[in-house]
Each structure stands twice: as C-alpha cells, then as structure tokens.
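First subunit A sits with subunit B, and in the next complex the same chain sits with subunit C.
After this line comes the complex of A and B, so read on.
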C-alpha cells in the first residue's frame, strides 16, 4: 500500500487509488468536474490540478495514481492560479442564466466559481450560442450552452448502460453534447446523467421549473420500486406549498451505497414515487361502500375491526399481507394472526405482467420487501389457504371475511371476474392501503395507511439486506403507519400496548425472528446490513 | 439680552401679533376651503388629503408593479429570487415554459399578498431582471377581505410608475371584492 504526503499529512491508500480519492481520505477537497468514481478517467476538465513532487507543472489529480513517497500539495499559489485560469476557460462561453437554471443552488460551476473564480471577467467577445432546451429523451433535457464538456454523460451511456446514445460533436468552442442520429436518450437509467452532470446542461424534465432546489429538504430512504432496494434521498418541499402543484415530494435522487446501487437508480424508481401526492390517496378510515360510505375516527374503527376478527372463526378469515409493507408492519401482523389463530395468511400475488429485469439494478420482483415477508413468515400456516385458495374459498362461501393489504388484485395474473365474484360473496372485506385501487371500492372498511416516505421502517431486499428508510413528510389526513394500525387493533384484542415508535416494533422483530437477531436501527445505520439468512 | 427685550411688554405684544396674523391667515384659508369650496388653497399645516398630497420622495417604496416587455408580457423570468428573499413569504410564483427558449421561464402566476408584505423592498433589490419595482406611488390599498389584499399578475402588470413628483399615474385599482 503506497504511503504519500498530501499537504504535509501522511496517508496510506490502497494501490491504484488516484490523488483525488487519496486527498478525500484526509478531508482535503480537490475540485473536479469530469472525474466520477463510477466512470473511467477522462481528464477533460483540467480542474483537479495539484503539485506533485518537484514537477515543474501541476498535474491532474484524477489520472495520477498515488505512489509511495509522493509529496502532493493542493493549495500552492501555482495550483490556485491554475484553477482560476481553468475556471476562466470553462466560463468563457457559459451563459449567465443562473436565475432561470434549474441546477442553480446545486451547481458545481457556481460552487467552484465562488471558491476559485476570476471575479473580473476578461472576455469581451460575443459568447458562442448553442441549442437550448433540447429534449434528449423522455426524462432529460439539454442546454448545450451551459455544458462544460466534461463528458460524464457520454461515459455513463457508454460504460454503465452500454447504450451509447450520447457523443460530443463539432470542434473547438463549438463542441457540444448531442445524440447520435436516430437515437433517443431513453434507456432505463437515462436520468442518472442529470445527477452526474456537474452543471445545468442536463436537467430533469419531470423536475423542470417545479421547485427551486434551495427550498428542498432531504430525507434518507430506500426505493420501494423493486426488490433491489436502491438507496435514495427523498427531496421534499414544505416551505413553498404552492410549487409543484402542491406535491410535497419533489424528486427522488440516488444515494451512494457501494453494496447495493453504487451511485445509480433506474428511471422507474426515480419517477415511481408519484403515488404519495396522488389524488387517489386514502385519507380517513371509511365504513360502507359508495354512497353509504362514511368517514369515521380511529376510535370507532379499531373496535369495529377487532370485533369482526373476534366474532368470526379463524378459518373463516383470510389475511392477504403485502410485500410492499415494511418489516415492522409484517411482524406486528404476524403476531396478530398468530394470536387469533388465523391460518389463511399469504402475501404472494403474481403480477399481471411479469416485471422487467436487467443485469444492472432492475429486478423482476417489483415489491421492496418480498424477502422480509418470507423471513418473517407470512406464508400460509399449517392447514391454511394461500391467496388464490382464499379467493376460491370466498366464492364457495367458506371464507367469510378478507383483509387485504395494498394489493390491487385486479392487476394480478388472476381473472378479474373470479376476484370480483369472490369479493362480493364475502361478509366483510377490509382494504388497508395508501391509495385507492381497483378493488378498494369493493371494501366495506377502508383503513388508510401512510406511504414509506411518511414513516420510518425497514425493507429487506432480495439479497436479505435490511435497510432503513426515514420519515420525510407527515402522513395526510388520518392515515397511520401500517404497524400502528395493526398494533391498535392488536391492543383492542388484548395483544398488549401499542409500541411508541417503529423502532420498538423492530426491536421485538429482532428478538422474535431468528433471521433478524442482533439487528437494531443503530446497527443498520445508513446503508443497511444483511439479515442472517439460514 | 437687548434693551427692548428687557421690557417684557413689547415682546408680548409682538408675540400676540404673530399669533393673530396666523389666526387671520388661517381663518381666510379655511373659509376659502369650506365656504367657497376652493380646495386648492393650502391649509395651514394640514395637507388636505386626499385632494392634496405631499410630494413623495423618489425613494419611496410604494405598491409593487411588474415591469412589462415591449409586447406587454412580464419581464419576470420566474427565477424565484424575490420569493426566496422575501422575509414575509408574501410572493407566490409558479413558473412555466416560455415559448422563447432564450427567455426560458415566465411566471404563470405571480401573486403578492399585500396583507403580509412588509415593504422592505428586498424583492426589488434581488431581481436580476429589474422586473419588479415599487415605484407606483400608490399607498392606498386597503381591503374589506384578506383575499382583496392579494394582487395578481394581471393587476401588477397594469400599473404604471409614478410621475416625477411622486403622484400615481395609474388608477388606484380596486378589486371588485374590495368595494363595500
């Protein structure tokens, strides 16, 4: 392992580490645009210049590997002057449209201009004009004038997705990023180029003009779009509710986790959070169907549900849990069904269309917590029916009550007529979920649950990695976390007091399920931890 | 002290004379006002508002207006600088795509809630386009409802700057729900 000195401090780094990463270990920031730890080295931007040893000229840190005994200085007058000159070149043709640029506030050109800028411009000529507001694909829009030609987006499409839609065309100061003829930036990971673009050249069409970035707040989270469980940041806006049509969640951004998604996220996940602020959200516990529907309080609803569960024989009741529920919810539900002796428990419903899958991130299983449901054990218990069996039993009037969580059965692979017939034959049908769907109008009791950004919890991804998500916004209306609804009903059935927080539920889960033994919220940290899969 | 001033009486008489002169001048002015209807004759110290106005300073911060381009559209590019800097959170802007790509954005909605505004003028200072000014000279915009205090983009665009002496040149717009 090479040992080198950076700004007078010694550091030992693994062989093959470049000087940017070596300096980062010491907390020294070397500015750069074109370098990205997930992409090849291009050496395009020339900003990461540092003094190495007795070399007469500064060298680029991104393409210089740490060597034993190297002496690196990052703040010498020569280096600072070089940075200023490089910044001057980058800004020669950059338009002064920060106020209307969506990147303003998170733009590295702005940040490094403040640090290393030449505040008195010497450029007197007319700037080169290039195409503005060019849609490159369904999610990305290009402003070629703002581009500094770092080529990160080109390398992303070449190296990560392998689709190669983008290239740099023309020469000299007329160079610009563009699409190859006949191509469209429509690969399933296209919007990642927006994240890696250090300036405002590539911006998100979905987020265009929606919210200025300085209004946004951030919560760490996990993508619920598939069983990969990519780490994300939820960017939400509560300060200016009139922006973005009142939607609180403005965008989802990938969060670096080397074990799961590295720096990336797929477009389906990135734009898959729209249901949070959708008009179809269920807001209040509701009794009765259609015109007879009546919103009631939880103090009336909880005893009603408890009475139904108590008054029917366990074999007349079916519970269809969902792999969209968090581990905490599933554990409280498992305790509830065990307490009541209900054997008809399942969580698997085959989707109507098989999910797409690739070798990068996307998994065919579009549920975030299938593995968690398996580990916690919500499969049919001895003598119990599975999901399809429950519907058949309902049609044959052997099953009298059904409690469905989140699933839209009409979007499943099963024939819709069978499902409708089964649901109509029931004495009672409780639907618990965050949004109205195909079957929720058939329910005579609706229990509104909070979405994943409105609560805390954990998902277990397909590898058995348990990952935390944090609360970003308040649940709307009277909706509650699934675990809290279930715990309140459990309390009414004499199962003990409601845990105060999701963490308490996770503690009992860690104590009660061997796979989760030894795990705690503190242990999971920001990046999660593997459950002990037997 | 002068010799004359030592004699108390003479000074008293001079003082009475000044007071009496003011009295009779004002008597004449107010008679002109109230009996003969000569409203342009100035009163003693009282400005006969609203017929008579003090000259406003050119630096006065009065009702906001949105500056227009030549084609009458707002010069504003919906950058939200004023909305961000506003300490009272009284500016509400919703941005939309401008047909001209060089302009990029325009405000689809630009509302100022004057019920919240503290007239600090930060919005004017923050604006990179000189699109909002507080130079209409209008200070009268009370309302019978809170809604009436919210001035929309159309209202703000229609306002003109004040004249050289600070008198408003645009009619003081009264939203329909502001009338009693």
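After this line comes the complex of A and C, so read on.
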C-alpha cells in the first residue's frame, strides 16, 4: 500500500488509488467535473490539477496514481490559478441562465465558481450557440449550451449500459453532445445521465420545473421496485406544498452502495414511486362496499377485524401476505397467524407478465422483499393452502374469509373470472394496502397502509441483504404502517405486547427468526447487512 | 552543395517506381540489414542522433527502446503521414517521389522494433500521394519486399495504408491512434505512452514519414556518418518546406546545421520582389515567430530551442514587410480554433475566444486591455492540456504579440 503526503499530511491508500480519492480520505477536496469513480478516466475537464513532486507543471489528479513517497500539494498558487482559469474557460460560453435553469442550487458550475472561480469576467464576445431544450428520450432533455463536455453521459452509455446512444459531435468550441443518428436515449437506465451531469445540460423531464431544489429535503431509502433493493434517496418537498401539483415526493435519486447498485438505479425504479402521492391512495379504514362504504376510525375497525378472525375457524380463513411488506410487518403477521392457528398463509402470486431482467441491476422479481417473506416464513403452514388453493377453496365455499395485503390479483397470471368468483363467494374480504387496485373495490373492509416512504423498516434483497429505509413524509389520512395495523389487531386478539418502535420490532425479529439472528437495526447502517441465508 | 539523401532521386522522372528505385540502389542492402539483430539496429539509430522530424524532435532510437522488454503479442509501427502542420509539405514529396524509400525504411524499422504489421496514416486531402504510395506498396508485395519472410529472411511485414478524414489533430500521435482505431480522433491521456499501450492496446511506435526514410541510410552507412552531417545534438539532413515571400519557395534538403539566414537568402533565393524580411516562423505554424534580426540560428532542434522557438516540422514561413502580423495571428488563431479537437477545456474554450479577440483587433474593434488578456489566457492555459496542440497554439499567440506589440496597439482605438 503506497504511503504518500498530501498537503503535508501522510496517508496510506490501496495500490491503484488515484490522487482525487487519496485526497478524499484526508478530507481534502480536489474539484473535478469529468472524473466519476464508476466510469473510465477521461481527463478532459482539467479542473483536478495538483502539484506532484517536483514536476514543473500541475498534473491531473484523476489520472495520477498514488505512489510511495509521492508529495502532492493541492493548494499551491499555481494550482489555484489553474483552477480559476479552468473555471473561467468552462464559463465563457455558458449561457449563465441560472434563474431559469433547473439545476440551479445543485449545479457544480455554481458551486465551484464560488469556491474556485470568483474572477472578473473578461469575455465580451458573442458566445457560441447550440441547440436548447432537445428531448433525447422519454426522460432526459438536453440544453447543449449548458453542457461542459465532460463526457460523463457518453461514457455512461458506452461503459455501463453498453447502448452507445450519445456522442460528442463537431470540434473545438462547437463540440456538442448529441444522439447518434436514429438513436433515442431510451435505455432502461437513461435517467442516470441526469444524475451524473454536473451541470444543467441534462435534466429530468419528469422533475424539471416541479420544485426548486433548495426546497427539497432528503431521506435515505431503498427502492421497492424489484428484489435488487437499490439504495436511493427520497427527495421530498414540504416547504412549498403548492409546488409540483401538491406531490410531496419530488424525485427518487440513486444513493451509492458499492455492494448493491454502485451509483445507479433503473428508470422503472426512479419513476416507480408515483403511487405515493396518487389519487388512488386509501386514506381511511372503510367498511362496506360501493354506496354502502363508510369511513370509520381505527377504534371501530380494529375490533371488527379482530371479531372476524376470532369468529371463524382458522381453516375457514386465508391470509395472503405481500413481498412488498417490510420484514417487520411480515414478522408481526407471522406471529399473528401462528397465534390464531391459521395455516392458509402465502405471499407468492405470479405476475401477469414475467418481469424483465438484465445483467446490470434489474431483477425479474418486482418485489422488494420476497427473500424476507421466505426467510420469515409466510409460506403455507402444515396442511394449509397456497394462494391459488385459497381462491379455489373460496369458490367452493370452504374458505369463508380472506385477508389480502397489497396484491392486485387481477394483475396476476391467474384468470380474472376465477378471482372475481372467489372474492364474491367470500363471507368477508379484507384488503390492506396503500392504494386502491383491481380487487380493492370488492373488499368489504379496507385497511389503509402507509407507503415505504411514510415509515421506516427493512427489506431483504434477493441476495439476503437486509437494508433499512427511513421515513420521509407522514402517512396521509389515517393510514398506518402495516406493522402498526397488525400490532393493533394482534393486541385485540391477545397476541401480547407488540413493540412500539421500528427498532424494537426489528429486535424481536432478530430474536425470533434464525436468519436474522445477530443483526441489529443500528448496525445495518446506511448500506445494510447480509442475513444468514445459508 | 551538401549531399542530398532523401531527395537524391527526386529529379528522376520515374523516381516513384520500383524499377528506378532499384536501379539507384534501393533495396540492395536490405537482405543484410534483415540479418542484423534488432538491438544492433536500435543502437545504431540511437548513436546516429536521428531526431523525430514530425514535430517533437524526440530521439528516435530512444523512443524505440521504450517498447517493454520481453513483450509478448503484437507491436505496431505507425507512419505519420498526416502532414497537417501549416507551412509543411515535405512528406507529400516523399510519398510521391520516393515511396519505396519509405517502404524500405518501414521494413528496417519494423524489424528493429519487432513489428509485423505497420500502418501508414495518410492525410485525407493527399489523394495523389496516397495513390502513388499505395501502388508502390502493391509493387513491393509483388516483388517480395513485403509479406511473409521478406527476401527469405524469415522477417514478415504487412502494410496497411489508411486515409485520414481531414483533421489536423489526427496528426498528433495519440489522436492518430484513436482515429486509426476507428474512433473520433481524440488524443489520449499519457501515461500510458503509445510505446507501452498504443494502437489497439498494443505497444506502438509512431514516427514521421521523413524520420523513417532516413533509417535505411543510417543502418547502411553508419551512425557516425549520419551524426557527422548535423550538429552535436541532432544528426543528418532534413527537408525544409519554405513558403511565403521568398523568391523560390519549395522543399530544400539540407544538413540541420544550416542557418535560417542561409536557408532564406541563399537556398530559397531571398525575399521576393525586393522587399525586406520582417519575420519568420521556422518550424510550422506552432513555432514561435522570429524577427528579421533573429535569423542567425542553426536549424537543428537545439539551435531553434535556444532561440526561443522550435524546429517543429521544419515548415519555414517567411513574411516580408508588407505582411500584417496581427492579421497573420488572426489567421493562425482561426486555424487553431477550427482544429482544436474540443476534448479538453482550456484548449476548446480559449482557442475560440482568442480568435474572436484577434479578429476584433484586426477589425479595429479591439480593447486596450485585450492584448494582455490574450497573453494571460495563453500563459494560464499552456501546459494544462491533454496534448501539445494547445502549447502549439500558445507559441504564436504569445510570440506574435510580444515581438510585434506596436503593430497590434496601432490597430486598437485609443
């Protein structure tokens, strides 16, 4: 491991570490635009220059590897002057249209101008003009005048997705980013180029002009879009509730996790959180169907549900859990069905269309917690029916009551007529979920769940990694996390104390499920930990 | 008159044919040379003080020695025939008048560096030179000078002739390699240097046409013979492309110890039309300009370096008293703004900006502080870029203004 000195401080780094990363370990920030740890080295922006040893000229830190005994200085007059000039060069042809630019507030031209620029402008000539507001694909729009030609977007499409839609065309200060003829930026990861574009050249068609970024707050989270469990940040706006059509969640952004998703997420996940602020949200516990539907309080609803579960024989009841539920929810549910002796328990419903999958991130299983449901044990218990068996039993009037979590059975691979017939034959049908769906109108009891951004908890991804997600916004209406709803019902049925905090809930999960033994909620940290899945 | 080596046959009408080349002794010593150990050839080239004639003046034998020892897998020889430096037109003569000289040079050089596949990257606009050279390659294949086991020596060499598409930057050796690889002609980051990781990821030696044409003569006539033709730091002759306001513009092959004064006034016939010399650019457009008082310098790499300019590609551009230096700078600046590949920020942005400033100055709309702005921008950007293109542009920006500041100031409204 080479040991080197940066600004007078020694640091030891693994062989192959470049000077940007080596300095970062010491908390020294070397500014850059074109470097990205997930992409090849381009060395184009020339902003990361530092003095190395006795070399007469500054060197680019991105392409210089740490070597034993190397002496690096990041703040010499020559380095500072070079940085300032590079900032000036980056900005002479830039339109300086921050007031109407969606990137303002998180733009690295603004940030670095304030830190490293601060020169007196001296360019008085007409700037170079280039195409503006060019849609590149369904999610991304280009303003070529704002582009600083760092080539990150090009390298992303060449190196990560291998789709090669983008190129830099022309030469000199007429160089411009664009699509190769006949191409569209429509790969399944296309919007990542917006995240890595350091400026306002590539913006998100879904997000732009929705909220100014300085009104946004962030919460760490995990994407619920598939079993990969990509780490994300939820960006939400509570300060300007009239912006973004009242939607609180403004956007989802990838959060770096080297073990799971590196720096990326897929477009399906990025735009998959729209249900949170959708009009289809279930807001209040409701009993009765259609015109007879009546919103009630939890104090009325909990005894009602408890009574149903008590008044029917366990073999007349079916419980269909969901791999969209968090580990904590599933654990309380498992305890409840065991307590009641219900054997007809399942969580698996085959999707109507098989999910797409690739070698990058996307998994065919579009549920975030299938592995958690498996490990916790929500499969049919001895002698119990599986999901399809429950529907058949309902049609045959052997099963009288059904409690479905989240699933839209009409979107499953099973014939809709079978499902309808089964649901109508039931004495009672409880639907618990965050949004109305194909089958929820058939339920005579609706229990409104909080979405994953309205609570905290953990998901277990396909590799058995248990990852935390944090609460961003409040649950709307009277909705509660699945786990709290279950705890209240369990309480009414004598299940015994159910922990009041997510952390305690996780503790009892770790104590009760062997695969989770030894894990602690806190120690899961930002990046999660592997469950003992062997 | 000193001996001419590379241009010795230029006066013969059919000098480009295999027949004339062989009649004048071409390919004669090749069998013996191919029997020599590669290391011996490299050593000879080192001792000859042959310096690259494409622009950078790097010692050729030293460059060849950078190929990693014991390397397994292919090594490529790439001939730089892009000849894009304004004021330079010597390689086209070599391709047209002595293509077999280049082919023989390639055979010897490829043998020395262990390459069995060589590329010749020909400037796109050089249609006629490309035709003639390609025909010569075919002749050489037909006669057994190229292909498998040349002259039964066991040494193989294949030659691929590749045409550029009209970009100055594709003459920069790593831009050339990118272009050869089928990519946009963007120069690459160094390290790694091409001799370690070049074309298609393999060790690659890029040399100028003229450099390689010298090699067979050096190997056959000896390192000391070649070294003695030149100065202490550079051996041999080279071909000076003289253009501008001289009586006899053209290509002159002379020992590198010739002075600029003698080149202009004796060989090129002095300034045309009885005018007086004002300035000379001695090494292609990227070389800093010299005033009429600064021409008592030898034309070798070190002589011109000591004079604050460079030998470059030996394109000698002569300006007489009727030439406007600000206008000349504007034209040069337009060239660099047009040809910057646009990859790295200082070059991409400031070449355009400096061109706009020089144009305004020439049009009488300059600002007082702008000469200093140009100098400051150029100095700050120098040495911060991926390739030497920008430093090449900085040469004229700074030297034209520093040496002829009055002329610029006269154009700027008070």
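Here are a few things to note about the model shown:
Please note the rule applied: the second predicted complex is superposed on the first by the 532 of 534 C-alpha atoms of A that agree within 3 Å, B and C clash if a C-alpha of one lies under 4 Å from a C-alpha of the other, contacts with A are read in each partner's own complex, and residues count from 1 in each chain.
Rule of thumb we're sticking to: a residue touches a chain if its C-beta (ideal position, glycine included) is under 8 Å from a C-beta of that chain, and two chains touch if they have at least 3 such contacts.
Because the structure is predicted, anything quoted here is derived from the model rather than measured.
Partners subunit B and subunit C, once the complexes are superposed on subunit A, both fit on it without clashing.
In the superposition on chain A, contact of A:97 is made with subunit B only, not with subunit C. Touch criterion met: A:243 reaches subunit B, while subunit C stays clear of it. Looking at the shared chain after the overlay, A:209 reaches subunit B, while subunit C stays out of its contact range.
Of the two partner chains, subunit C is the only one that A:124 touches; subunit B does not reach it.
More residues of subunit A are touched by C (comparison of subunit B with subunit C).
With chain A used for the fit, subunit A forms the apex of an angle whose arms reach the C-alpha centres of subunit B and subunit C; rounded to a multiple of 10, it measures 90°. Contacts of A:133 after superposition: subunit B is touched, whereas subunit C is not reached. In the superposition on chain A, A:36 contacts neither subunit B nor subunit C. Once both structures are overlaid on their shared chain A, subunit B and subunit C have a minimum Cα-Cα separation of 22 Å. For subunit C in complex with subunit A, the touching residues are 167, 169, 184, 189, 191, 337-346, 348-353, 356-357, 360, 367, 369, 373, 377, 380-381, 383-386. Interface of subunit B with subunit A (complex): residues 77-81, 83-84, 92, 94-97, 101-105, 109, 128-129. Interface residues of subunit A, counted against subunit B in their complex, comprise 97, 99-100, 132-133, 208-209, 212, 214-215, 240, 242-243. Residue ranges on subunit A touching subunit C, taken from their complex, read 41-47, 49, 56-58, 60, 63, 81-82, 85-86, 89-90, 92-93, 122-126, 128, 148-149, 167-168, 170-175.
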